[in-house]
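Before anything else, here's the structure in question.
Going in written order, the chains are labelled A, B, C, D and E, and every chain counts its residues from 1.
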Amino acid sequence: MTPLPQPLAGIPWYDVPDYNSPALDELARKLSLHELQIEDCRHPPQRAKLEDHEGYIFAVLKRLRRDPEPGHDLKFADVDVFLCKDTLITVHSGERDLVERTSKRTQECAQPRVDRTFYYLLDCIVDEYIPLLDTLAEESAEIEAAVLEHPDPPMLRRIFALKRRLIEFRRVAGGMRDVVNALMRIEQGLMGDDLDPYLRDVYDHLVRSVDLAETYRDLLTGALDIYLSAVANRTNQVMKVLTVYGTVALPLIIITGYFGMNLHLPLQESPHGLLYANGLMALSTLAVLYYFRRKGWF
Amino acid sequence: MTPLPQPLAGIPWYDVPDYNSPALDELARKLSLHELQIEDCRHPPQRAKLEDHEGYIFAVLKRLRRDPEPGHDLKFADVDVFLCKDTLITVHSGERDLVERTSKRTQECAQPRVDRTFYYLLDCIVDEYIPLLDTLAEESAEIEAAVLEHPDPPMLRRIFALKRRLIEFRRVAGGMRDVVNALMRIEQGLMGDDLDPYLRDVYDHLVRSVDLAETYRDLLTGALDIYLSAVANRTNQVMKVLTVYGTVALPLIIITGYFGMNLHLPLQESPHGLLYANGLMALSTLAVLYYFRRKGWF
Amino acid sequence: MTPLPQPLAGIPWYDVPDYNSPALDELARKLSLHELQIEDCRHPPQRAKLEDHEGYIFAVLKRLRRDPEPGHDLKFADVDVFLCKDTLITVHSGERDLVERTSKRTQECAQPRVDRTFYYLLDCIVDEYIPLLDTLAEESAEIEAAVLEHPDPPMLRRIFALKRRLIEFRRVAGGMRDVVNALMRIEQGLMGDDLDPYLRDVYDHLVRSVDLAETYRDLLTGALDIYLSAVANRTNQVMKVLTVYGTVALPLIIITGYFGMNLHLPLQESPHGLLYANGLMALSTLAVLYYFRRKGWF
Amino acid sequence: MTPLPQPLAGIPWYDVPDYNSPALDELARKLSLHELQIEDCRHPPQRAKLEDHEGYIFAVLKRLRRDPEPGHDLKFADVDVFLCKDTLITVHSGERDLVERTSKRTQECAQPRVDRTFYYLLDCIVDEYIPLLDTLAEESAEIEAAVLEHPDPPMLRRIFALKRRLIEFRRVAGGMRDVVNALMRIEQGLMGDDLDPYLRDVYDHLVRSVDLAETYRDLLTGALDIYLSAVANRTNQVMKVLTVYGTVALPLIIITGYFGMNLHLPLQESPHGLLYANGLMALSTLAVLYYFRRKGWF
Amino acid sequence: MTPLPQPLAGIPWYDVPDYNSPALDELARKLSLHELQIEDCRHPPQRAKLEDHEGYIFAVLKRLRRDPEPGHDLKFADVDVFLCKDTLITVHSGERDLVERTSKRTQECAQPRVDRTFYYLLDCIVDEYIPLLDTLAEESAEIEAAVLEHPDPPMLRRIFALKRRLIEFRRVAGGMRDVVNALMRIEQGLMGDDLDPYLRDVYDHLVRSVDLAETYRDLLTGALDIYLSAVANRTNQVMKVLTVYGTVALPLIIITGYFGMNLHLPLQESPHGLLYANGLMALSTLAVLYYFRRKGWF
């Protein structure tokens, strides 16, 4: 028989920092946890969800995982929670800092209770979303400011990388929002009534996060439109340069070619022939420039 | 013990013009306001929301803030309201004009009541949305009229700046609409029945505002499409100019080059050689122009 | 004391053809109409809406206003209705023809009743939508047929003008649909049961109108796509012409230039030099044309 | 007094093959059918709909009409049905084949009943949708296969013609689905319970049809995207050809021009001058080709 | 009389591996299965659906069919199930491996029951979706990585083939999700309560699959946008190359042409004439390059 993990923070809270640990089976057997939920713990990643079972609640929470490489895709880690009448079980893969912070807040509390600890855990997880959202907002504003100046492929790559992260974040935050919403409705008396405003507060944060993620994505779509129109505009500019230069040059090429013909040319013998040719060239150039000026091309 | 602020307008309305003031704590203690809501007051910006608590209602309202610099992004300021049975508390960061206008309407009233004052406050806030909407509508109409004439990057920047403001306005006005809707449903007897038509009137204004914001955004998307097609069209025009000029010039260049060859040319010795060459050139030019005319290019 | 307007069509129907008239205040006082609704009457345009008040129904209906200038944006006029137990009040700004038509139908009726007159009014207003929809449908079909032939900026302007009108019509017709729907649900016994199928008929017309407006808009989006791809296609055609002509000309220019060099050329002295040069030019032209033919460019 | 039409198939089923026939008035009078519904019968096309009236059901069904010209827009014909307790009335404009097929199935039935005949009629109408859907699916697949090869205006016209037909079909099939759904809910005991699975079967067919129409439309949008990107790609190809040829030719034109100048050229007198010039030209051509090869352009 | 198929796995489970088999009629007659459902079995493919009939449930499940050719469209096969009180009937077209796996899991069970076997079947079918989703995710990631490097037509074809598969998968998985959802609600006591968490688990898998399919499709739309902007960008690059080369060459062509004229040129007789011409050419080239450098074109 596997020994149970030590309760934390002076309350019956059992933390299983390794989801493969046999201690989880022991706890499941003792508290009659459902085998499918144990399986869910052992096969991350799961979708954020809340299941009410006879006498307890099972929740899969999604925690933001900081990656060493910055600027890459978001990573989320599963934190599984079983909230029974007098027991709290948390299962994860070594999210030590999260457990410590939750444990600290529990110990600072006058009357530690497992439901309150569950709220602390939830609050810690959701609090970590805020700085991420700020980063995404900054990145979005930066891109929007820069895209008109530098409509080049690296900018495009940045736009799509950010879009991918916003889609991912919106998906997970939306799932967490549904979990907290379900928790407020189907708590079965497992959460004290005094926690209701706190849960609503967490819910509010999540609603706002989802809201903002969608707004940023909307704005990002605008950035892509700017990109495309900036490229179209630049092509237009390039074409104009080519057209103006080409159209100025063509009459000159024809005139010089004309006087280069090995035929009997009228001005060939005249000492002022070159003067006339030069005058013709100047005239044709001025005519073309006047034409483009009137078209408003430069 | 901090002294309470003086009641305003002859009714138990306490206005806290600085959300960091200790007077807020004092009021919270006296009226048992929830600590999370006090925290919300102190950490603007919050999402517009309405929370019913035992015996009172807490609302976060979003007021439009005029910025000195015109044409920039919208700014909204939080106005927090606690409506208890016989007391009204408003918390904000120095929105003096709003408080004055509300106070004036309260004093003009025959029987001043806190719920009526709450309505006046709401009405003042929502009334400020109308001129903004008019500005947005004008800007939108202006852009649509101008975009076909000047499809250039500054126009693009104007389109996206307006779109951003419409998204922002729609988000806040939508939140306010939900607040008023919730207020009509869950007032707990805190609002007199005689105010029902007035609340519905405010609700109506907000529904219409959201409606219009969405219509303007729809039309703006059309303006972007005009922009893109105008750029595409202009590129097409530029290409045509280049193509017509280039195609007229090419035969002339070939003909002059032909007669410039240092070979035994048949017309080289003839005094009418140049005449034939000139005729050939005129013919080729006419042929090319006829071809493009038939294609309908000019 | 202002005299009340004369009842129309032999039933207690009071028509106020000027919303600023003091007769409206008199009626409001006599029938205890709510001040906000009187204000709504006096500040058109309002959103189409239906409000049930103690003992009466207040409705804002949107009538299509014919403008002298054809082809411009839609204009709608407010027609406000108060339906009390035994009284009907209509407020508007001089919609004489509408009142006349409604009055005529009421008088043709065996047993004139105010609720039936309300239905007649509604029916007259909605009937005017049909020819407008037909115009929009025709315009939409015309545009779709013409856009592939003439993808030019005036066409674009027509597309967006029509889109704007469809958005506007859809918004108003959708509002009217909701009004009739609300009327069927919350009539408070003010409308006789025998009118139910008639109201459902009007509702049906409005549902169909909204439906069609959305279908036309969908098709119009298709027309814009045609426009954009026709412009892209034309640019492609222009490029091809330039490329084919340019690529045919380049070898000829090089060959004539080659034989124009002031160097010792092998064929310079030969009397058949020109023949060889001509042959070379014909060959190069054929090679280029063969290459483009194989590419399927013409 | 107009004689009633003969009952069909041995049951009280009255078929009115001409909606202007006075027999319809006679039936309406005898069975107290509502005048608005008779009007609906006489003013096709109506939206598909189901109305329950005291004692009977009125349904507008949409039948697919085969047109002689293939490939054109869809045409639907109204088939109006009144299902009373013991009588069935069908009104249409000469849909003889439909009535015959329904009549045949009724006669093959052991115990013919009017509700069952109504189901047969419905089933016949919906069965005709299937081959149309197959045609639309084939056309959609064909277009998707061909669009990458031939991104030309006729293809565009095919795409939009098909899209228009899918929008139309989806709108009508969606209306029919709602009719059958309403029929299952509000049959008022007019349809025998044994028909429930059969109605559900028809409903299922319609749900699937709407589903498929939307899927095809989704795929068609993809085809349009392919079209646009194929055109963009082709323009890119054309540009590359022009650029490569032009850039190869330019140095050659400059070199031949250089040696064509009437100045004292160093190689002018040398018998190997041409050799050097030729070498220079070959070198420049190789350099340009090497440059484009490294850029991966061919 | 056709012999019934042998019951499988020691429980009353009758498997009909050929939907045309007369054994199906025999079973239908014996257990009073509805004829329409038997028809559904015999006319695959049907939409995934669940129908509750008096005393039994009929379900159409969609199984993923592996095709020998990889990379092609998805194929699904119908598996029809009748779950009666004490009997399970499965109908399909030779899905031998699926039946074997289900049978094996049933036999490993301590107390085999038909409802549990139904769950096993469902679970086996849904489990097969996971590797497909993984393949789709990999393909999507691959495309997104490659599209910026190779924005060519084959890439476009890959994007649209994947999009087609995602649309198809989403449609079927969405249907299966609705089936399991309906099963949880309307099981009529045919499924033991102990199976509830298991069904919810399957439901969860399907919700997640639909969710992911939509996310991948969203990202794929991004890949298409990358494609289009990469093509636009490349055209821009090509244009720049042409413009820079052309604009460098044009002055040189004019200068060499100028000195090639058969007129009295000032430097014609000078031995340093060529030097001046060369200097002029170098200068013009440097001027053009400096101009483009300042424009930031290379």
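We take it that a residue touches a chain if its C-beta (ideal position, glycine included) is under 8 Å from a C-beta of that chain, and two chains touch if they have at least 3 such contacts.
No experiment lies behind these values; they were computed from the predicted model shown.
Peer 1: What are the chains that chain C and chain E both touch?
Peer 2: Per touch definition, common to chain C and chain E: D.
Peer 1: What rotation angle, rounded to the nearest 5 degrees, superposes the C-alpha atoms of chain A onto those of its identical copy chain C?
Peer 2: Rotating chain A by 145 degrees superposes it on chain C.
Peer 1: With chain centres taken as the means of their Cα atoms, state the distance from chain C to chain D in Å.
Peer 2: Roughly 23 Å separates the two chain centres.
Peer 1: How far is the middle of chain B from the middle of chain D, if each middle is the mean of its Cα atoms, in Å?
Peer 2: Whole-Å distance between the two chain centres: 38.
Peer 1: Scan chain A for residues touching two or more other chains and write them down.
Peer 2: Only 228, 232, 235, 239, 242, 246, 253, 257, 260-262, 265 qualify.
Peer 1: Okay, in this complex, where on chain E does chain A touch?
Peer 2: Against chain A, chain E makes touches at 144, 148, 197-198, 200-201, 204, 207-208, 211, 215, 218-219, 222, 225-226, 228-230, 232-233, 235-236, 239-240, 242-243, 246-247, 250-251, 253-254, 257-258, 260-266.
Peer 1: In the complex formed with chain D, which residues of chain E make contact?
Peer 2: 34, 36-37, 40, 47, 49, 51, 53, 152-153, 156-157, 160, 163-164, 167-168, 171, 224, 227-228, 231-232, 234-235, 238-239, 241-242, 245-246, 249, 252-253, 256-257, 259-262, 265, 267-268, 270-271, 273-274, 277
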